[in-house]
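My structure is below; once you've seen it, I'll send some questions.
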Amino acid sequence: MKYERSSIPDHDEAAGPAERLRSELTHFDAAGRARMVDVSAKAPTVREAIATATVAMLQPTWQMIREGRHVKGDVLAVAQVAGIMAAKRTADLIPMCHPIPVEAIELAFMPSCDPPAIHLTATVRTTSRTGVEMEALTAVTVAALTIYDMCKAVDREMTISRVCLLRKTGGKSGHWERAGSVDEA
Amino acid sequence: MKYERSSIPDHDEAAGPAERLRSELTHFDAAGRARMVDVSAKAPTVREAIATATVAMLQPTWQMIREGRHVKGDVLAVAQVAGIMAAKRTADLIPMCHPIPVEAIELAFMPSCDPPAIHLTATVRTTSRTGVEMEALTAVTVAALTIYDMCKAVDREMTISRVCLLRKTGGKSGHWERAGSVDEA
Amino acid sequence: MKYERSSIPDHDEAAGPAERLRSELTHFDAAGRARMVDVSAKAPTVREAIATATVAMLQPTWQMIREGRHVKGDVLAVAQVAGIMAAKRTADLIPMCHPIPVEAIELAFMPSCDPPAIHLTATVRTTSRTGVEMEALTAVTVAALTIYDMCKAVDREMTISRVCLLRKTGGKSGHWERAGSVDEA
Amino acid sequence: MKYERSSIPDHDEAAGPAERLRSELTHFDAAGRARMVDVSAKAPTVREAIATATVAMLQPTWQMIREGRHVKGDVLAVAQVAGIMAAKRTADLIPMCHPIPVEAIELAFMPSCDPPAIHLTATVRTTSRTGVEMEALTAVTVAALTIYDMCKAVDREMTISRVCLLRKTGGKSGHWERAGSVDEA
Amino acid sequence: MKYERSSIPDHDEAAGPAERLRSELTHFDAAGRARMVDVSAKAPTVREAIATATVAMLQPTWQMIREGRHVKGDVLAVAQVAGIMAAKRTADLIPMCHPIPVEAIELAFMPSCDPPAIHLTATVRTTSRTGVEMEALTAVTVAALTIYDMCKAVDREMTISRVCLLRKTGGKSGHWERAGSVDEA
Amino acid sequence: MKYERSSIPDHDEAAGPAERLRSELTHFDAAGRARMVDVSAKAPTVREAIATATVAMLQPTWQMIREGRHVKGDVLAVAQVAGIMAAKRTADLIPMCHPIPVEAIELAFMPSCDPPAIHLTATVRTTSRTGVEMEALTAVTVAALTIYDMCKAVDREMTISRVCLLRKTGGKSGHWERAGSVDEA
């Protein structure tokens, strides 16, 4: 028996109309099977992505988190470590994500009181062949889940929403910024 | 030098007024430091949790995912594997979460067309000393991020929202069901 | 909006003829989506599984491994650690596998000289609601890959074969032993 | 006490006859201890590796997998995600493997009916100081184990064989292609 | 070919004098190969372990950490999360360690000023067939490494010492407490 | 709602006196929150780090390890694999550590008999934007913990000490070598 030796297809092959759909979903090969897209032909450039998320909660929960910061326990300090560590493991979690040598991660928390919520923003930077959108989204998501975990004993209805990309720069597609406000999401 | 040998505190010690806040945030010890709450005195019981999330997207993206299912690539099949695998790694991601021998995970996708969105629901079951709320939430969240990852080339404004717990059963606190509709989140 | 709250289906529901196939592939739910099968109704019992694998190689490679054992480097010592560590991570690698508290892992290497090969056998034991077949198979496989890795500089044609389950005991399906010889595989 | 400060040895030091064996097993240092070979002096080049594996099974199992594809559950879709994710974790599994920023992974399944089997082929590409042979082998192996896991309830005698490297390109040793047919393994 | 089906040996087999050494190093099998000791015959009991470590540093570093606590950055909060997360991954790091469902982790920091140092104490509890000594030791060690990481820019000579077990309870060997003071280590 | 889009701050901004402390602890941002320091502006250069650790033990334990090497079980072979694998996972363990493509790891064991101890030295090399101090320290630490794990049944008082950096080269801060002897630690 001798196998046909498949190899990763060329990047610019003409796509027939029947393959338009698939070619847009670049995570799939010609057989409809998922693949990790080939980025080896791309040049490594500096890329940055900023993502956001919001955790809505009850007023007492919100106050507890804020006071906890200054008095005793610091929910957000734990959430921050969780978000940063998760960003580094993005390629372990998201199947078709490329492993990327992340070079900077920042995660900021902005409380807003009406309605009571914590807004999270993650900024991730790399010099790589592909972007860090998923790393930034993973950072805010896991940080938000950590806030939920640490406060769920007092507020099970906490809700995470508005998880989205705000901005990305670098790479072939260049600068992109979310057009509509996040509220409209 | 001889250290004071700290040990994990008893469960029902009387808390002074100054410690009320902290005692509610059980993830913190008397010094305000985070800890993994002691569950060794709890009995292992069957526990179940159901969580949900919604991914909002453009109409063409939504159609692509739906058609992809039947034609070529299956975004949701990849998202499902990602969500299930992530649920098993919850304690690796959420710092104060207990490692739990998860015994069942189901992850369902429900497309709704107006506005175009995919709703995700995860059901997780275990026989353990603590619940699986975080496992269910992690499953829907990582599955949602995977949908984002696989479609971001055509729709960067996709937004994840309404990530919340729908129901939990088992354990000392017993049955709990989200009161308000998820829309109000 | 109010979601239908899906829950994990009962175990013995009558299956129509159209669902026979799926019901046999228990890793899929009614919608054809993969799931981690519910084992919460099963009783924890002692379970054991034995798996095997063979690494075929050139005569000089084989001799090098054998001599290395006594002289300088010990390829098999590294392979053994790799196999044992991998067995503990089986649920991280195999998507629908349940996380299992493995209680014993042994990994033995048996060189056979004609043709030159190393046979690997892993024995895994647990007290759990589900078996350890995949843990035993993962142990021999990753140990075999490690042998390949450490000798590939001198023998790229090394081949891993006859990876299979030899025996399992415990659980509802009880004792099972491979009928045919492994050679026939 | 002052330690001798060991450092990683130079690359081209003359090896006495007594050290010939060890020098061929480059994964070991002068004391016979395993090490991760120094690749820092190598130039990063584009490297590709193709590996293969075969899962032999009973005729009904084979048919179930094929039909499952079109009707309900898709065993191969799960196996594919598992293989791709495992390839990214190769350095976590194989002790002396270098962590590599994998840039493309493809995993193809080719059913053959007589005897009933699924052939797997993985193609991995990177721009790195060392090759991706182990990544390609890990991809096919874990994908094959996943097929086993999902069908073991109906066919415990499934056997994985012919796990080997088909081709590698790039790096100092350049192009290499398996000489003999895989059948002879 | 038909393999001898090795199985995990019985627990109380008589050991000849030639095997005394090995039998004491229970992590090795009869062939001198490492194994994960069989604990399946042990009863699950409540077990606790307390471990300690000390990070010695320059006076300004020590002051910075202490002030950082109240002013701006909190090195110890990050170290604590790191230690707790690492304890949960002990079986992933220490090859022959059994995976254990840890039920409680506490990590305390005690600064001492002369000489300037931070003492760490971790208390881990489980209900399991084997103890949590390694989990407690891993917690203090990784927390100590995290302190080093976060302050290394200003004090590269920081040194970790006195990493040892202080006390363990539960299991067949029962209560054990370190006899000598840690200083004598 | 429209978020302020935070971005990673410039590298050389003038710091007011109130921010001196924080600026020295570069792992914290202006809000006192931990972050993964931005290294994207640094050039990738060859960097090397050497770290050490000592495991003190009873005389019989020490002898057992030494004899085990030649007779039956090889504790140090297991410890070595553990240390090398842990070094590759440093960024997974130490929260603010950058993921680094490690290019060489060596781990040496030097027994010293009076007092009975094993000294460990790890040498790690990379071509990267940041150093490998933490990788070298993680290698010796996890290898030392593994020695403890494998001998704890016969010697629970084993103590790990003198964990420190011996030397680093490469990067902006260049060559650094520990001034005092390790004994003074």
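Letters are used for the chains, namely A, B, C, D, E and F, taken in the order the chains are written, and counting of residues starts over at 1 for each.
In this text, contacts are C-beta pairs under 8 Å (C-beta built on N, C-alpha and C of every residue); 3 or more make two chains touch, one makes a residue touch a chain.
None of the values given here were measured: they were computed from a predicted structure.
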Exercise for review: Determine the set of chains touching subunit A that also touch subunit F.
Suggested key: D, E
Exercise for review: Between subunit B and subunit C, two touching copies, which fits better, same or different residues at the interface, with half of the numbers shared as the threshold?
Suggested key: different
Review point. Rounded to the nearest whole Å, what is the centre-to-centre distance of subunit B and subunit F, using the mean of the C-alpha atoms as each centre?
Key: 33
**Study point:** Rounded Å distance between subunit A and subunit D, as computed from the means of their C-alpha atoms
**Key:** 29
Review point. Taking each residue of subunit E in turn, which ones touch at least two of the other chains?
Key: 33-34, 74, 77-78, 81-82, 85, 89, 95-96, 101, 182
Review point. What are the touching chain pairs in this one?
Key: A-B, A-D, A-E, A-F, B-C, B-D, B-E, C-D, C-E, C-F, D-F, E-F
Study note, to complete from the structure: Given the complex, residues on subunit F that touch subunit E span 21-22, 24-28, 32-34, 56, 64, 67-68, 71-75, 77-78, 81-82, 85-86, 89, 93-97, 133-134, 137-138, 141-142, 144-146, 148-154, 156-165, 168, 176, 178-180, 182, 185
**Study point:** subunit E contact footprint on subunit B (complex, rising order)
**Key:** 1-8, 29, 31, 33-40, 91-92, 95-96, 98-101, 128-129
**Study point:** Complex contact set, residues of subunit A against subunit E
**Key:** 74, 77-78, 81-82, 85
Point to revise | subunit A contact footprint on subunit D (complex, rising order) | key: 46, 48, 50, 52, 76-77, 80-81, 84-85, 88-89, 101-110, 112, 119, 121, 123, 125-127, 166-167, 181-183
